[in-house]
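Next up: the structures, one after another.
Presented sequentially are two complexes of chain A, the first with chain B as partner and the second with chain C.
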Partner chain A sequence: MDRTGQIKISETIAVLFIFFVLILFGIIFYYKYQQAAFFEKEEELLGAKAIEITLKTLFLPELICSKGAAEPEDNCFDVLKLDSVDKTFRKYADDYYFDLFSYATISVKEVYPGDSSWLLYDKPPLKINRKEPTFFVVSLRDDLTDENKPQYRLGYVEVVAYS
Partner chain B sequence: MNKIKSKSQSENRNNYRNRTSYRKGQMEIIGLVIIVILITLGMLLMASLALKSEPQKKTFTGKGLAYSTMSALMKTTISKEADCTSIGLPELGKNIIDDCARHLDSASQYNCIGPTTKQRLHSCDFLQEMSFYLLNATLGSWNKHYELHSQLLIFQEEKPIEIMSPVMVEGGCPQGKDRYSSGLFPINTESGLVENVLYLCD
Partner chain C sequence: MKKKGQVELTFNWIYVALAGAIILLFFVGIVIRQAKVSEEQLSGEVVRILDSILSGASVSEKTKNSVEAGGLSDYVIYFDCNEGVGEFGLKGKPARMQNSIDPLFAPKEIQSSFILFWSLPYHLPFKVIDFLFVTAPNVKYYLVGNDEEFVNEFLDSTAGLEQEGFNREYVADLNDLKAEGKIKVRVVDVDGLQVPEKGIPAGLNLFSDEDVSAIAFIGGTNLANFYQKEGNLWKKLNKEPVEIISLDEERNAAKYAAIFTESAELYTCNMKKAFDRLEILTEVYGGEEIAQGKIGGKLKQMVDFYKNRPASSECIALLLEYKSNAKDALRALNTGAAGCRLELGFGESPLSCAEIISVANELGKINEDLRINCVQLY
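What follows is the complex of A and B.
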């Protein structure tokens, strides 16, 4: 009888041990999953932030190609505005543009025919945990040409969002 | 009296055995249920991970980038360095495409110097070389795959004519692949309608 009891006890202990091992595996798995999900969520949020900043940049009145009261041109930056906007961006970087773009770097690069570049906004955080670059191809309209009509160059805007 | 006692004792023992084997069976069933629940939970988690929707950024940058690239490409003015032997500087999506569609089988009006070969080319060849050059400098440098098609639709003609062979990199973006389209960019020419479309994929 004693022996049977002992066997039963050890059997119960073994079952409980396996049960707790399974529970432990479950907890580890859940923890790993949560960790991965957290990083994924963080990346998604940063991606959303990058999109938001890119959209704001593309439709910024300080840069977009406009002509009087006419509808502004999509995906187009005015070279004249790009050449002179640097001062405005620097002057109001903290009290206006930071509210718009937060921690980010925005630059425009010409691909054809020249290779000019414009650094519009540069505000990286002190400690960079993660950064998400987003590119968008744009036309760069140059109204100061020898001909009567404007010329369109090809370039891209690069927005780097930080977290 | 003793016989009766031993009989009742053996009955009790039998009952006890039955009860313990019943309990053992119950415990095994509980263990099995726990294992099944754990496996089900694991599978549910895996399924939720697999069925997770496409990230918002990927869709936005895919569609938006294809559209903006095509829009910028069509507007691009050909520089003086290309020396297009024409009055004024031509636009890629307007003058060059129009000229190519009009002079598919004859000498073209615009004979610009290609950005890669540095040779004077027929407008259709120039269109192809320039498109490749520009797309490679933008999408190509970001490791994106692309495929650009330009087709001429002639009135009352059944089949569209490719005015240039598709501009693509590393196999382009075939139909089965997850790809984003810029949408059609139609250009009206004297020969008919030229439909341009850019596909973008990773």
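What follows is the complex of A and C.
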């Protein structure tokens, strides 16, 4: 009788053990699945954020080529503004522009005819988990020329979004 | 022995039932929790998508579009703004989005299968920011009054939006207004002679108070009053008339913004965002020390360029020397924007912001004069 009881107890323990092992497997599987889904979602959100920041940058009144009361030129940055706007971006980086761009780096690079570059906004997080660069071609308008007509250059805006 | 066996059998069944119930409860708990998390995630996702739509619509100039709300039509979307921070989200759900940058003018609540977006640039005199107007086909705008010029301009401006579902109608007399259906009504009294004097028209008596609101532009001025239906009367929502701070131009973004916003608080709170940006932009054009009269930014580059060219004395004069010059105008605009921003931050009616308009007009004139022989400031 004692022996039968002992066998039954061992049997119950074995069943419980297998049950908990299965539960554990389930939890590990679910955790791994959730982790993969989370990373995928994070990547998707970062990509969307990068595009959103690029879009906002392209239409910034601080940079756009305005023409008096007329509509501004599309995908064009004013070189005179680019030359001086970095101070304003730095001054208001925490108070204002962080709400607009969050953790990101925004720079403009000229590719033809010169090779000037402007770092407009640089706010990486302390620990960078992931970063997503986005590029967009823009024209750069320089109004102050001896020919009395604006000179256009070719460049691109690079936006790096961080998470 | 037989009795012991019976006890053991009963015990086993009780044990199995209890263990089964506990395991079942465990999984039911997980399912319930997961369902709650999923619902919260869904509302968060919906708000995030809405934010993306708003960002896209607000950055590009003069866009008019409608977005099918899909599953969103089951929810009430609310819009709020306090101390310069705008907020929107789904009513009764934890997910919400805050924004202290983009001015968004909308009814307090929207529930519709389509959402309409319209962005207009706000100039003072250069482009400051894009205003985003949000509304829905089930919000009907009734224009009343005799300011034909403005009525025609508004009807023309919104013609494209009407094709997307924007609902507006002109009735000369407020009492001729007949509204029906499950809609929200916004009365726009273009010359301020009918609201609140004529009371609530009979055609709106059956509507609930929160579904009927009005704005009355006081004729011949830049002032407006906001109203809400209260029984048979109009209840004024602002103590002092609210000033519409804008240049006298077609498609007056600040005036249109007042039409799309239900209350004076929401309006002034969102206008504060525009003045935050205006102050920053004056520094882009005039330098960060323009308030102290020291030039920098784009202005300094122009001055440095023209200084070395004796033939360009007119340009230097327009920028620095004439009685009405760009430097002084930018300085006045910078200090005016800062003062105005502070006033709006305290929730005060921005009556003392009026000075900004004359300075902006002055700068606009200087910019036009610059166009003749020099590079324009903006």
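Just so it is clear, the second predicted complex is superposed on the first by the 128 of 163 C-alpha atoms of A that agree within 3 Å, B and C clash if a C-alpha of one lies under 4 Å from a C-alpha of the other, contacts with A are read in each partner's own complex, and residues count from 1 in each chain.
Keep this in mind: contacts are C-beta pairs under 8 Å (C-beta built on N, C-alpha and C of every residue); 3 or more make two chains touch, one makes a residue touch a chain.
Worth saying up front: this structure is predicted, and the values here are computed from it rather than measured.
Participant: Which partner chains sit in contact with A:Tyr33 here, chain B, chain C, both or neither? Use first/second/both/neither.
Facilitator: Touch status of A:Tyr33: first partner only.
Participant: In the overlay, answer first, second, both or neither for which of chain B and chain C A:Tyr96 touches.
Facilitator: It touches chain C, and chain B stays clear.
Participant: Determine, under the contact definition given at the top, whether A:Tyr152 touches first (chain B), second (chain C), both, or neither.
Facilitator: Touch status of A:Tyr152: first partner only.
Participant: Given the touch rule stated above, what does A:Ala48 touch, chain B (first), chain C (second), both, or neither?
Facilitator: both
Participant: Show which residues of chain A both chain B and chain C reach, each in its own complex.
Facilitator: 48
Participant: Which positions of chain A touch chain C when the two form their complex?
Facilitator: Per the stated touch rule, the residues are 45, 48, 52, 55-56, 58-59, 61-62, 64, 66-69, 71-72, 78, 80-81, 83-85, 87-88, 91-92, 96, 99-100, 143-144.
Participant: Can you list the chain B residues touching chain A in their complex?
Facilitator: Interface residues on chain B, with respect to chain A: 20, 27, 31, 34-35, 38, 41-42, 45, 49, 55-57, 60-61, 64-65, 67-69, 71-73, 75-77, 79, 81, 88-89, 91, 115, 133-134, 137-139, 142.
Participant: Which of the residues in chain C come into contact with chain A in the complex?
Facilitator: Touching chain A from chain C are residues 48, 52, 55-56, 59-62, 99-101, 123, 125-130, 249, 276-277, 280-281, 283-284, 287-288, 296-298, 300-302, 305, 364, 367-368, 371, 375-376, 378.
Participant: Taking the touch rule as given, give the residues of chain A at its contact with chain B in the complex, in rising order.
Facilitator: Per the stated touch rule, the residues are 8, 15, 18-19, 22, 26, 29, 33, 44, 47-48, 50-51, 74-76, 111-113, 132, 134-139, 147, 149, 151-156.
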